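The structure under discussion appears below in the form of structure tokens.
Going in written order, the chains are labelled A, B, C, D and E, and every chain counts its residues from 1.
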Amino acid sequence: MAAWIIPLAALAAAVFAALMIFQRTLYGAAICFLAVILQAAALLFGCGAKLLALLLVLIYAGAMAVLIVVSIQTAQRPGTPIWSRSGLPRSLVLAGFLIPLAEAAALLLGLGAPQSAAGAGDLMLGRMLFGPYAIASEAVALLILFAALAVI
Amino acid sequence: MIWLLRPPLELLQPQAVLAVGALCVLAAGASRRVGLGLIKAMAGASVLAALLMLMTTPFWAASPPLLSSDILGWAFQGLFLCAALPLLYLMKPADEIPPALVLASVLGMGLIAVSGNLLMLFIGLEMMSLPAYLLVARSRSPQALEGAVKYFFAGSAAGAIFLMGMALHFAATGALSLEPSTDPLGIAGAFLMIATALFKLGAVPLHFWLPDVYEASDPELTAFFSTGLKAAAVLFLTRLAPLAPPWAMAWAAALTILFGALVALRQKNLQRLLAYSSISHAGFMLLAVAAWMAQGRSPRASLAVFFYLAAYLFMSTGTFLWLKTEGVSEREEMRGLGKARPLSAAALAVLLLSLAGIPPTAGFAAKFLVFWEAFKAGLYVPLILAGLGALVSLGYYLGLIRDMYFEEGTKPLASAPHPARAVVLACAIASILLGLMPWL
Amino acid sequence: MIQIPLAVYLLFLAPLTALAFGFFILRPWKPEWTHIPILISCVVVTISTAFLAAFVYSGHGLDGTLFRWMMAGDWSIVFGVRVDGIGVAVLSMVSLVGALIHFYAAGYMKGDPGFSRFFLFFHLFYLAMIGLLVSNNYVQFYLFWELVGACSYFLIAHWLHKPTARRAALQAFMTNRVGDFGLMLAVLLILARYHNTRFAMLYTIAPGMAPELLALSGFLFFWAAAAKSAQFPLYFWLPDAMEGPTPVSALMHAATMVTAGIFLLVRSWPLIGSVPGLPNFIAAVGAATAIGAALLACTQKDLKRILAYSTVSHLGLMAFALGLGQVAAALFHLVVHGFFKAALFLCAGNVAHGSGKPTVSVDEAGGLKRSLPLTYACFAIAAMSLAGVWPLAGFYSKDAILDAACERGPWAMAAGLAIAMGGALYISRMLFLTFFGPRAEQKPGEHVHEAPLIMILPVALIVVGAFSVGWLGRHFTHLLLSGWPETVPLPVLPELSAKVSGMGLAAMGCGVAISYVLTMRLPSFDWDWRRRHPGLEAAFACDLGWRKVVAWFAAVVVRGADRIGRVFDHEVLDAAIEKSADACQKLSQTGSSLATGSLSDSLWWLMTGAAALLAWAGLR
Amino acid sequence: MNPLVWSASATLFLFGLAALILRRELLAMFLGLELMVLAAVLALGETAARLGDSEGFVAVLLILAIAAAEAVVGLTLILRVHWSGRPPETEALRELKG
Amino acid sequence: MSAHWLTMLWALPAVGGLAALAGGRHSRWVALLVSAGTLIYSFSFPGGAVISSSPTGPFGISYSLACDGLSLSLCWLTAFLTLICVIASWKKDFTPGYWAAFLFLEAALLGVFLARDLLLFFVFWEAVLIPMFFIIGLWGMEGRRKAAMKFFLFTFFGSIFLLIGSIALVTYHHAATGIWTWDMAVLKGPSGRAGLAVFAAMAIGFAVKIPLVPLHTWLPDAHTEAPAAGSVMLAGVLLKMGIYGFVRILWPVFPQLTWQLLPWLGLAASINVIYGALCAMAQNDLKRLIAYSSVAHLGFCLLGILSRTPEGLLGGSIQMINHGLTTGTLFLLVGFLYDRGHRRGLGDYGELFRRAPWMTFFFGFTMLASIGLPGLNGFVGEFMSLLGMARALPIFALLGVVGVTLAAAYSLPAYQAVFWDAPGKGSVSHLVTDLDAREMALLSVMAGLMLLLGLYPGPLLRVMQPFLLGLVP
């Protein structure tokens, strides 16, 4: 029973990625991009990397997708269609968001057996980040600081 | 004498100094009370301090997961710092951000130098590239933004390819370290990573971003790119060396040399011409690295790689800074400079002859060492193609000298003395002194 | 080291000092006195030659080296002197006749703008000829051989304003150069094989030398002699060389330079004499040249060209004698011919000088007996000596050759007689046409005055020589034998048999008779056939087509050079470089057009590059 | 090595690549870029999960952070193009060529 | 002779060049002084072999110079011709750069002839190109820019192969003997196909300079466009570097290979002789004619050198010196003619013997020397070379002698066209005045030398002998 989640997520991700390329408007593309991220998170969740899936949703979908959407709105010339006429049929949009929700619910309820048992990786993450890989995380922090200089 | 940091971190002493320097620059800028000149001085001081710290860091050290350095890495760090000095000295920043970005970029290169595994490499790569995009965006030329966008998209695409390669490599070997793997997935991953390295270096099929970026940015920034970034790319390539086949590199090198030299023949804009010439020189560096890899990473060959970059540092910096001091951008403006400004024309002539590889200069000593190593490595046909490439490149170097000396001048140039002129003269003299290296 | 007598040094030093004095001091300061030191040096040379002749006559030979010229390791080429019978015999004739012609030239060339230039080259030629006769190895021989050719070039072209003179000089020099090709190659081959070209050494090892080398060098020597002594293939430059002043023609194209070729063959006869078939070949070519030239001489209009063809004919005769093995006879005839041919040329010079024109054609001469009595007398004696009238020198030398020809066989005898008759024919025709009663067609100059004393005296002295040298036959052979140190046998002058002399005189007689009838008795025979047979006239003008062959060959060489030099070198070799440069430019054009500037294209290239690398990975 | 996930990652990478090359608008290209990074993250994450090796997780986390930094720089540049009056498309950026 | 004497020989003109650059108005005098000083200094060396070398560095490269008979005589030629060039271009008001360029050229040439280390030889070999490039480019005739570029690029093409060949030679030597060395005397080339490849590469480098026929097309352009003094140096010394390269490097390093390749190289040299002569016949520009004649004369040098016999080697070497003098004088004369009539075509002049008798005399004298009239210096070199080749392969001696004959075929008509024939329609012979005192002195010195070397070459041959006799197998 659980075996159906990963194929479904993979298929959905592929479909929405394909849709993204051929969207007339940027809004449509953004929506499809969001759907793909969610499917990817579901896939990761299916593979057992629950923490990564969560992080993905948090950082990718949360921070960057929003950033991109804001940029798309600012970069539109006034008078162009807003979200409502994004050229994407309403049913697809709903499907794009509902399917990952369903998958997540199924996984959480333990219906889809997680592929790998090795969940220990998640636990060690914190200790690794600030143990042997302290230099790497420090460097990434600096990188983000310098990237922030872009806006000045 | 490791007095500052405990063993695992002593490798990072120069980088630490740079990071602190960058933060101080930013802080000084934010406080609005410190003048721009002082900020530039602070940046320059931090680079010099990093150079001093470099003296005290050991050549051979490795702390397992992330860091490992060898003599080549150590020497290249010296090159990166030297490349940044003229830029900091000559740039006229609107505010404190560009000096900080330069320090950030040099920090990124330093990270590549000491990195032990792929993750650290990627971080170093990004740390080096992101400030570079912003520096290009802040250049004064009208197409600066266009250059920055092109540089960004090409750089990020290369980064994405590197990530994919890393993923494949990780899947094949189960670890992010640099040992070569034999199963096809690992090899595919390795080749994707090599593609990124070649992209950064400017090897031919992947070079199309380079001329636009070099033309878009200011001359002193281009000098930094052509010396600093190219050295970092070479180092990046040597780090990935165990994974790559020497013969593919040699053929890519020969193709790069010939293509770079050929296209440069008809360029009208001088910076674009020098961009293609730097692509040709990148081909020579690639040939040197290929020879180094084919000889099982022999120290003599690594000396050839390092010497080529050291010589190229002086030649390229001198040439680009000459463009800045004389304010010349098109090839037509070069006519008659020999009479109008004898001293600077003579300096450029020496630099151009050095770039072409005519004997008494450093360029020749560098090319000679590379030829020698390539022959020892058995790369005969690429060697001959490289020689023909050098011949074609002589075509436009001599063409420039011909325009300067043999044509009648149209521009009445008697420009005011410029601080950079001393740097250009220093580079010219260094080119000749380094040329005597084989006999010293 | 044998002690070299002072006379030998004088042979070289006298002319050298005279030339140096003339060139450095007199030419810039007082050009018209240039001839004075030169005449003095001529006298000194003649005296020292006389001493050397006595030296050799009394049985001494001399072969020593002066200094080392070229050396490499142990091997070296020396500058030496060899005074032997052959050398001295010809040297005495050359120095005596040369000196006299110098005096003649002092008179003839007076007032000529290039007077000092003429005398300097004239004396340099004199020195070269003397050097040639006394040199003791082939390389030194070749040096003077070329120097003689070069001096003849400048002397023939003495009157620079005349285009025909310039063309004749170039033709003369180039033909000599083609001949020298043979001599240089032969000398190189001998030197390469035997490391030494001294005559003394070569004569001693002559029998043991490689036969095919001897054959090749023999033929090459003959080729060189053919050019220098105007034998059949390469004779055409001599008649044109008459463009030069008369003393030049006299000295060079009668007495000295042209005889150098025969002298070369005589010098190397011990080497090439034994080559099977070569002597016969030389004899055949000699005979053919002699007969052909005699025939052509009869049809020439210009006085000096008649004498030029006569010289070619006599040289052919000498070669014929050599071919028959009569080295002494050939040499004797060479000496005798030197005397009477020089005299004939000088008389022609007097005629020209008298009528104020550089050269006189038969149309403008005629009946000069009255206005030029002395010249007429000298000319008559010299002409009869050439024809071979009994007491004169010509008879003895020609008869010696006829004698050898008779022994050889019927063909040789017929050729000898034909040559004798032909010689008599053209020389008497010239005598009658110029000096005897003017014919209707001839228009002699009105006031043709006799030449001054300085020009008549030398002619007279030479004519005395032409008159009396024949009697010295016995002394001549004694001179040859005593001065010949090597053991190689040298055939001696044959004794004159009455029968052969008779036949010779008969042939000469009928020759003179025929020319007398044709020129004096028949009304304007010479001029009639020219008008009635213009084709024949044209054929004789271009030496029965041989000049056309030579002109064609020269044209082929020049056109070939032009096609290679201008077309091939420029269009093919040079163009290869230009085309490769253009190819670079085109490649550069396509290369830069690849960079379209659009971001998607550069990314597309990025991807293809990565894909290519992946494909390479897949292949491995 | 879960074939399904890896094929999804590969398709995502290729579609990202296609978007990057084919689309004219810079923002759409940027989306493609992010898609390629997402594919790499997916592949890395799946292997890390399969091996249970925390090194993979650290790598993924840091890569996400770097991608974010890149996004900041990228979007700033694209918006600068927009504010400079030119439409943010590749056709507007063709001055540098040859 | 302590170590740094030889360095001083080539350093003197180099420093002189710098002084001339700074000399301003007096640079002309500086040039005269320095070139005369160098000539005197070069005569102070004994004929014997003098070797001065610094310790060899890690790569086996050492700064070592040596000077034996052959190098010394070529140094004398260089120093002498430079002095002649300085005096010849005295009147014309050149910028200091001109005098400096000649002194740098002399320094580089002396360096080439003195270098014992292969890499040092290569550095000087290419350093020669830079001053020559500027001399042709800055002070040449109308087409100077193209000719200068063609000259530099063509020779650079050759020297790339020379560089790769030298590197290969040293690497194979290391493979065979295990030591890194760049010393010419020590290096021995590999045998078999590799040896052939290395020999071919280095030979191409030298052949471009000699020039061998297919690679010679830069010579006529460089000569016609170079200034008079530039042509003298170009023909006088630069062409000899190729032959010197063959003798000094290829013969000792590939002793047996050169013997096997004798037929091919001999054929190339003979083609050089015949082709040069035929091309010269087709030219109507005086300088191009002399340039092609140089191609022919250098063919003789090569013929002599190839034969590996004492006569041939010495003949080839002395032919180098003689050709330097003869062709140098010819170019001087053409330069003087060009100064007056500003034209180089054969048809542009006529009957110059009337207006310029002394020029006619000297041109005739030098032309006779160049076609190899015995008694003048042209003959000695050609005869000994052909003699050497006659001992080795007589067929090429035959072709050589044909070349000697053709020499007269192109020189004499040219001489007559300019000095004797009547002037054509657009002739400028009315502008021509006779030589002045300076030119007369210069030419009489050269004529005197030609006559002396023609009649008494003994001393010069003895100086050259030691090294060359060592090469005889």
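General observations
We adopt the following convention: contacts are C-beta pairs under 8 Å (C-beta built on N, C-alpha and C of every residue); 3 or more make two chains touch, one makes a residue touch a chain.
Note that the coordinates shown come from a computational prediction; the quantities given were computed from them, not determined experimentally.
Note on connectivity: the fewest chain-to-chain touch steps from subunit A to subunit E number 2. Any chain bridging subunit B and subunit D, meaning touching each of them, is among A, C; the list is complete.
With centres taken as mean CA coordinates, the chain nearest to the overall protein centre is E. The greatest centre-to-centre distance from subunit B, using averaged C-alpha positions, is reached by C.
Compared on C-beta pairs in contact, C-D and A-B come out with A-B as the pair having more.
Averaging C-alpha coordinates per chain and comparing to subunit A, the farthest chain turns out to be C. Computed centre separation for the pair subunit A/subunit B is 37 angstrom, with centres defined by C-alpha atoms. Inter-chain centre distance (subunit A to subunit D, centres taken as mean C-alpha positions): 12 Å. Once the centre of each chain is set as its mean CA position, subunit B and subunit C turn out to be 79 Å apart. Remark: subunit B and subunit E have CA centroids separated by 43 Å (rounded to whole angstrom). In subunit B, 65, 119, 123, 126, 130, 134, 149-150, 153, 157, 161, 211-212, 267, 395 are the positions where the chain touches two or more neighbouring chains simultaneously.
Residues of subunit D found to touch two or more other chains are 16, 20, 22, 29-30, 41, 48, 51, 53, 55-56, 58, 62, 66, 69-70, 73, 77-78, 93, 95-98. For subunit A, residues touching at least two other chains, in rising order: 133, 136, 140, 143, 146-147, 150. Here the touching chains pair up as A-B, A-D, B-C, B-D, B-E, C-D, C-E. Touching subunit D in their complex are the following residues of subunit C: 592-593, 595-600, 603-604, 607. Touching subunit B in their complex are the following residues of subunit A: 132-133, 135-136, 139-140, 142-143, 146-147, 149-150, 152. Contact residues of subunit B toward subunit D in the complex are 65, 119, 122-123, 126, 130, 133-134, 137, 142-143, 145-150, 152-153, 156-157, 159-161, 163-164, 166-168, 170-171, 174-176, 211-212, 215-216, 267-269, 272. The touching residues of subunit B, when paired with subunit A in their complex, are 9, 12, 19, 22, 26, 64-67, 95, 97, 100-101, 104, 107, 111, 119-120, 123-124, 126-127, 130-131, 134. Here subunit B touches subunit E in the complex through residues 353, 358-360, 364, 368, 371-372, 375-376, 383-384, 387-388, 390-391, 394-395, 398-399, 402, 405-407, 438-440, going by the rule given at the top.
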